[in-house]
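The two complexes that follow have chain A in common; it is paired with chain B in the first and with chain C in the second.
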Partner chain A sequence: MSNTATQTSTGGLGRLIRRYPFLPALIILVLLLALNGVFEPRSLSFRSMTGLVSTYLALMMLAVAQTYVVFSGDIDLSAGSIVSLVNVSVIALMQKWGGDGFAVIAACLVGALIGLACGLVNGIVVAGLRLQAIVATFATSIFFTGLALTVLPVAGTPAPEAYWTTYGGRFFGIPFVLYAVAAVAILLAILMRMRLTTQMLAVGDDQQAAFQTGLPVTAIRIKGYVFCGLFAALAALCITGDTASGDPLVGGKMTLYSVAAVVLGGSALAGGFGTVTGSLIGALIIGLINALVFFVGTPSEWQNFVQGLAILLALMAGILVSRGARA
Partner chain B sequence: MSELIVRGARKAYGATVALSRGDLHLKPGEVHVLIGSNGSGKSTLCKIVAGSVKPDAGEVLLDGKPVTIDGPRAARALGIGIFYQELSLAARRTVAENILLPAMPVKGGIFVDRTELEERTARIIAEFQDVAGEGFAADVTVDRLRADQRQLVEIMKALASEAPILIFDEPTSALDRAQVDRFFEILRRLKQEGRAMVFISHRMDEIFSIGDRVTVIRDGATVASSAIAETNADEVIRQMVGEREALSAESKPPVPAAAGEPMLSVANLSGVGFRDVSFTVGKGEILGFGGLHGQGQSSVLRAIFGASAHHTGAIEVGGKACAARTPAEAIRNGIAYVSGDRGRDGTLTGRPILENVTPIHFLRNRLHLARPSVLTALVEGPLKALKTKFQDIGQPVNSLSGGNQQKVVIARWLIDRPSVLLLDDPTKGIDLAAKSDLFQLIRSLAAEGMGIVLYSSEDAELLANADRILVFNSGVVTRELQGEERTRYNLYHAAYEAA
Partner chain C sequence: MSTDALPSRSAGNAALAFLKKPLVVALILIVLLLAVGEWLSPGFASPGQILRLLIVAALLGIVAAGQNLVILGGREGIDLSVGGIVSLAAILAGNVMNGADGGILPAILVCVIVGALFGLINGVGVTLLRIPPLVMTLGMLGVLQGLLVVIRNGIPSGRAAPGLSDFVVQPFLLGLPGIIWLWLLIGLAMAFLLRRTVFGYRVYAIGSNEQAAFMAGMPVKTTRVALFMLSGVFAAIAGMCLLGYSGSSFANVGEQYMLPSIIAVVLGGTPLSGGKGGYTGTMAGAVLLVLLQSILTTVHIDEAGRQMVFGATLVALMLFYGRAKAMRG
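And then the complex of A and B:
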């Protein structure tokens, strides 16, 4: 009875968006895919799509990482620096341990641990010591970049062949990155059902209310940063596979892209509302915009300009769609 | 079966004492009413018991054993559940998630058990389903609910804790009759089960229909506690008023000869939180707004000032129609507004005193260039008249005490005199000396011919300074107190009447 009342009070689109907040982003994604197809029909082939995913899987991971801190109303400006630090650490370790399969796996595990540790540091600094998230993680980003530069002062050390041939290779005729995407999808589906996700969103919604409710607010926020560190490390492993080399500054410019992906995906930057699925779509939107800018033949000196404009348009379109649905 | 005793609980925020001596004896199987005027410390006492406020002193005994409650989680573990007056809901989460947020059912250690969540919340919601109204369902997010429905969710959240001790801090303020009746049925059942409940309400009829005992708090201290059957509404109000009744009669201002020509007249003003408000303020008059906190007084003042919208009604300033839609318009029409919430409405934090005194001057005279020497000369007079204490006109305003900050904010209205001054609880967080300076100034401004409206949440202040008092209850003016009627007793009586 009461359900029908809510249904009639708003349109069908509004109801769908409330249930799937990433819907506007999905519409933009499909639109961009179509545009890409118009300007470069081959870009819709299985092969190019796989290439797109393998290039932007790192950004997708970083967008997921950012989402978990944004859920509880925080932000991590060091996410990209964690990517850099893990990237150079993994490269250095694999080189040191001799580049066979075992060394690769061991280095990846250590890389994940480094990501977790960075996340823990951020969590303690922001939630434990109650510093402003935006400034504190900006400071830790400089700190992590500094560490990365001591591990590998200049870009260029190559990854062992076993690593990048796996990342770029195929198994049973299916590209490795698609297995990775499937694994991440399953992982995210599991994480979405966690009590912690609901608690993070409740903290982001109203921190005081969450405290009065009896939630361990500080611990929940720290866990958000730890998740962020872990997924940033996964992003680093992807980028290592894609570029096949170490670069102490590789992640720096990815940080704000990850924030943009979260917002494009329909999450509220103030916290309390959003989905990881949306952030994945947001990262793909950024990837497709970059591809489109290339396919339409933008002169190189205009590429940044057009790319920035396109992201702005995508943001506006997303807001217009959700606003139209609410009215 | 839990018995809770609080003895000598004390809590101060800086110089402001929220609770000086809170005592409470809560027995199993009773509904214990807490009553007291605005800011008397009821909510602070409740929050101390619920663990969200840490007391400076005092002890809490649970079943005879002293306990320390060092957080909301600890309180829950001890079996204490609470309904927060300001609600503790996550707006973007669903009704079901909110109800069980404190203790989400889990399976496998980390995953939300959706089936269990749905079953348990369905049972709780079922008790209110027929009175909850349209659009209320387990899977609706809280931000899509009406105020009364949100209050029901907070009630359900408290009930879901199944705690032996339940505290309800004004749970009925937005509920309609049917919802209150249903809530009371449940309270009576819980009483049968032997639970102990604290109930706060400002509606006398509710208190006498559900309460077993009543404890009265006045100025942060517990003053009386008696069985409901052995007392009555008049007695309770007398206890809330205290002996200061006699004092306040003496400090009452003399009745002015006759209010002069109308400076501000408001007719049938309605908006969000108030309806059909009409009054006139004469030249040289101080009109008081009284009643419980948040009954529409601030909303009316902000609507006149153009800081929030009103739907219908007419406003005249000095005989000229003035329907200001922005504060800038209102200011140019000669209206001044001083709010007690200095951080939000008053000071430009971090900026020098000089800049804090001059913005109205710039606005009214449409100035665009600042000439420090001219401005400094302009500013000196008003600051001196208010006895503002500061070292240097260039020091940031937030380096001053609360009282001096408020003087700086008031000084900005004195360079170009307005014809109407609206005071919205202006003495919040100000020391006594500054208060008396402020009221002296306000009286002298009135004597110079300004029309003044004063809303104060402190009844003593209102009684001592207002020539006439309009008592607000649920957004409407329920009574006007004039001349000899201006007593604490009458003020409370009008404020606590069932609306």
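And then the complex of A and C:
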């Protein structure tokens, strides 16, 4: 829909949010951290924080994955099934190759390639064949799930010890996941400065205009899906470290959460506006909401409901605040 | 309503245009798939089998009716919460009737009210707060799934009344079960609603150009809220019928309807951008989808292979329908 909001009342806050779209999300994040601290002081300790990150690193990666397609106004409902496929493939390969350090690294590389390939398939189907992203990626998600089931029909094969002890372990006193976070942060900082990110946002903002200025729109959208596939593969490596086993359906539930994380992070689903930083914060918000619902002592059968309600309210609040500021 | 049908100059062009109509494509594919099914496993296209297929298609088709309305209304209209409402209605209906025919009417009442209520919340969020439909209904899905956990912990899962089960599976009139008649009735009602009422014209107007519809003085917001409420009600009705079909409800029975209902709409020729299309095509789309799944279960391949073929076939089918236009300078 055309944006009818007038761009006149540009207060200082408005300008700040346009520059940093993830600001409302950051405020929600800080608020949730404070609330978590009030109800369970120990939750703010270094150890609990590391635990939170290692549990939600997979969702953070998948949120980043989803962001790269949302930038150009697309969506990927197969992201979760790519996670599943890479998870079972990596597990199967590590088992086949003996489970030593070399096997682990080789399997991870192959996993990343599988993610890239899945992303390429999605890109060709959606942007190349010009199908509607929601339905087309749902169709490919069925296909990827089928592939995952071929690789590993039932959940259960364990990961080699070398893998999950590394993921959960410490090096020089610092947990491995923090190194992973740092590495990804550097990678994302580089990507953020690449011309491709701007091009994706331009395509998402106005596809026709982007085309008329000479941008290769189809190629840019395909690249978005390829990035999505790659980060979905990274998400799979994280989840493999966290659960230490293979499950052909492990990612299914994560797809919609990744979309929610992107929206929570202040990116517009219609494309053209957003940041990966916001999506990372969005994923953490989901994690902190889940933790908070537990810490305030919600009866176990009510936890899902309260979580769902809190996420819905956070989604609505985020959209209203950022629009109020942008208007 | 479609404005993109070019004036055809010759009979050949006219024939081609006819063959490109989504409904025609879907019907041809249905006949084709039936033939393939019969060839793969004799007896596949027998009247009894087709009837069973239509019952399953009716369940999907009823959910897709609401989905279709929301999508027609435009502004990226979509309802991801239908799956949750289907599950919720199934468990509520099971508890209200609890195996007794006397409970059917109260169960219908409860389901319709609950479906309309969640639709109302969705609609208010989308119109008054201007939350994108995908986000609003995605959030609502999470709430509904949580609510299902609460309900499941508090009350037993409940049973379908014999009357309801008979309505769904037993022949009622002319050898067809009640649910088929209900589906046909919904099809007629939808056609009437969309083509013959002011409301229907408003839906198309809002779906194709909201700004213009607003300028013309149409109640844009009320209409859109009504569409979401109807979607909730249709999902609730489908949930009740699903209970009758399976006898009792189990966890998240409705989830399998969320995205397939959207696929049925798209295969029926209603693009997700809204303002174009109709329900007749969606009905054919629902049959097509169920038929395809059914064929794959008769073929002797494992679950994994079946899913791969299903996914690939869906992509292939979509190539027949409303591909976006190539970019032009």
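Rule of thumb we're sticking to: the second predicted complex is superposed on the first by the 313 of 327 C-alpha atoms of A that agree within 3 Å, B and C clash if a C-alpha of one lies under 4 Å from a C-alpha of the other, contacts with A are read in each partner's own complex, and residues count from 1 in each chain.
We adopt the following convention: a residue touches a chain if its C-beta (ideal position, glycine included) is under 8 Å from a C-beta of that chain, and two chains touch if they have at least 3 such contacts.
Only a predicted model underlies this, so the values are computations on that prediction, with no experimental measurement involved.
In the overlay, answer first, second, both or neither for which of chain B and chain C A:F211 touches.
A:F211 sits against chain B and chain C alike.
Examine A:R42 and indicate which partner it touches, taking first as chain B and second as chain C; both and neither are also allowed.
Touch partners of A:R42: none, neither chain B nor chain C.
Using the touch definition from the top, say if A:I134 reaches chain B (first), chain C (second), both or neither.
second
Which partner does A:L201 reach: the first (chain B), the second (chain C), both, or neither?
first
For A:R18, using the defined touch cut-off, is the partner it touches chain B, chain C, both, or neither? Pick first, second, both or neither.
first
Touching A:G308, do we find chain B (first), chain C (second), both, or neither?
Only chain C is touched by A:G308; chain B is not.
Where does A:K96 make contact in the superposed view: on chain B (first), on chain C (second), on both, or on neither?
neither
For the three-chain arrangement built by superposition, which of chain B and chain C touches the greater number of chain A residues?
Ranking chain B and chain C by residues of chain A touched puts C first.
In the superposed arrangement, which partner chain does A:L256 touch: chain B (first), chain C (second), both, or neither?
second
Would you please give the residues of chain A that touch chain B in one complex and also touch chain C in the other complex?
2, 208, 211-212
Okay, in this complex, where on chain C does chain A touch?
Per the stated touch rule, the residues are 75-76, 78, 80, 125, 129-132, 134-136, 138-147, 149-150, 153-154, 210-211, 259, 262-263, 266, 271-272, 302-312, 314-315, 318-319, 322-329.
Taking the complex as given, what residues does chain B use to touch chain A?
These residues of chain B touch chain A: 50, 52, 71-73, 75-76, 82, 84, 87-93, 97, 101-102, 104, 106, 110-112, 132, 134-137, 140-141, 144, 157.
Mind pulling up the chain A residues that touch chain B in the complex?
It comes out as residues 2-3, 5-6, 9, 18, 190, 193-196, 198-199, 201-202, 205-206, 208-216, 268, 272-273.
If you look only at chain A, which of its residues touch chain C in the complex?
Listed in rising order, the residues are 1-2, 4, 75, 77, 125, 129-132, 134-136, 138-150, 153, 207-208, 211-212, 217-218, 256, 259-260, 263, 269-270, 301-309, 311-312, 315-316, 319-320, 323.
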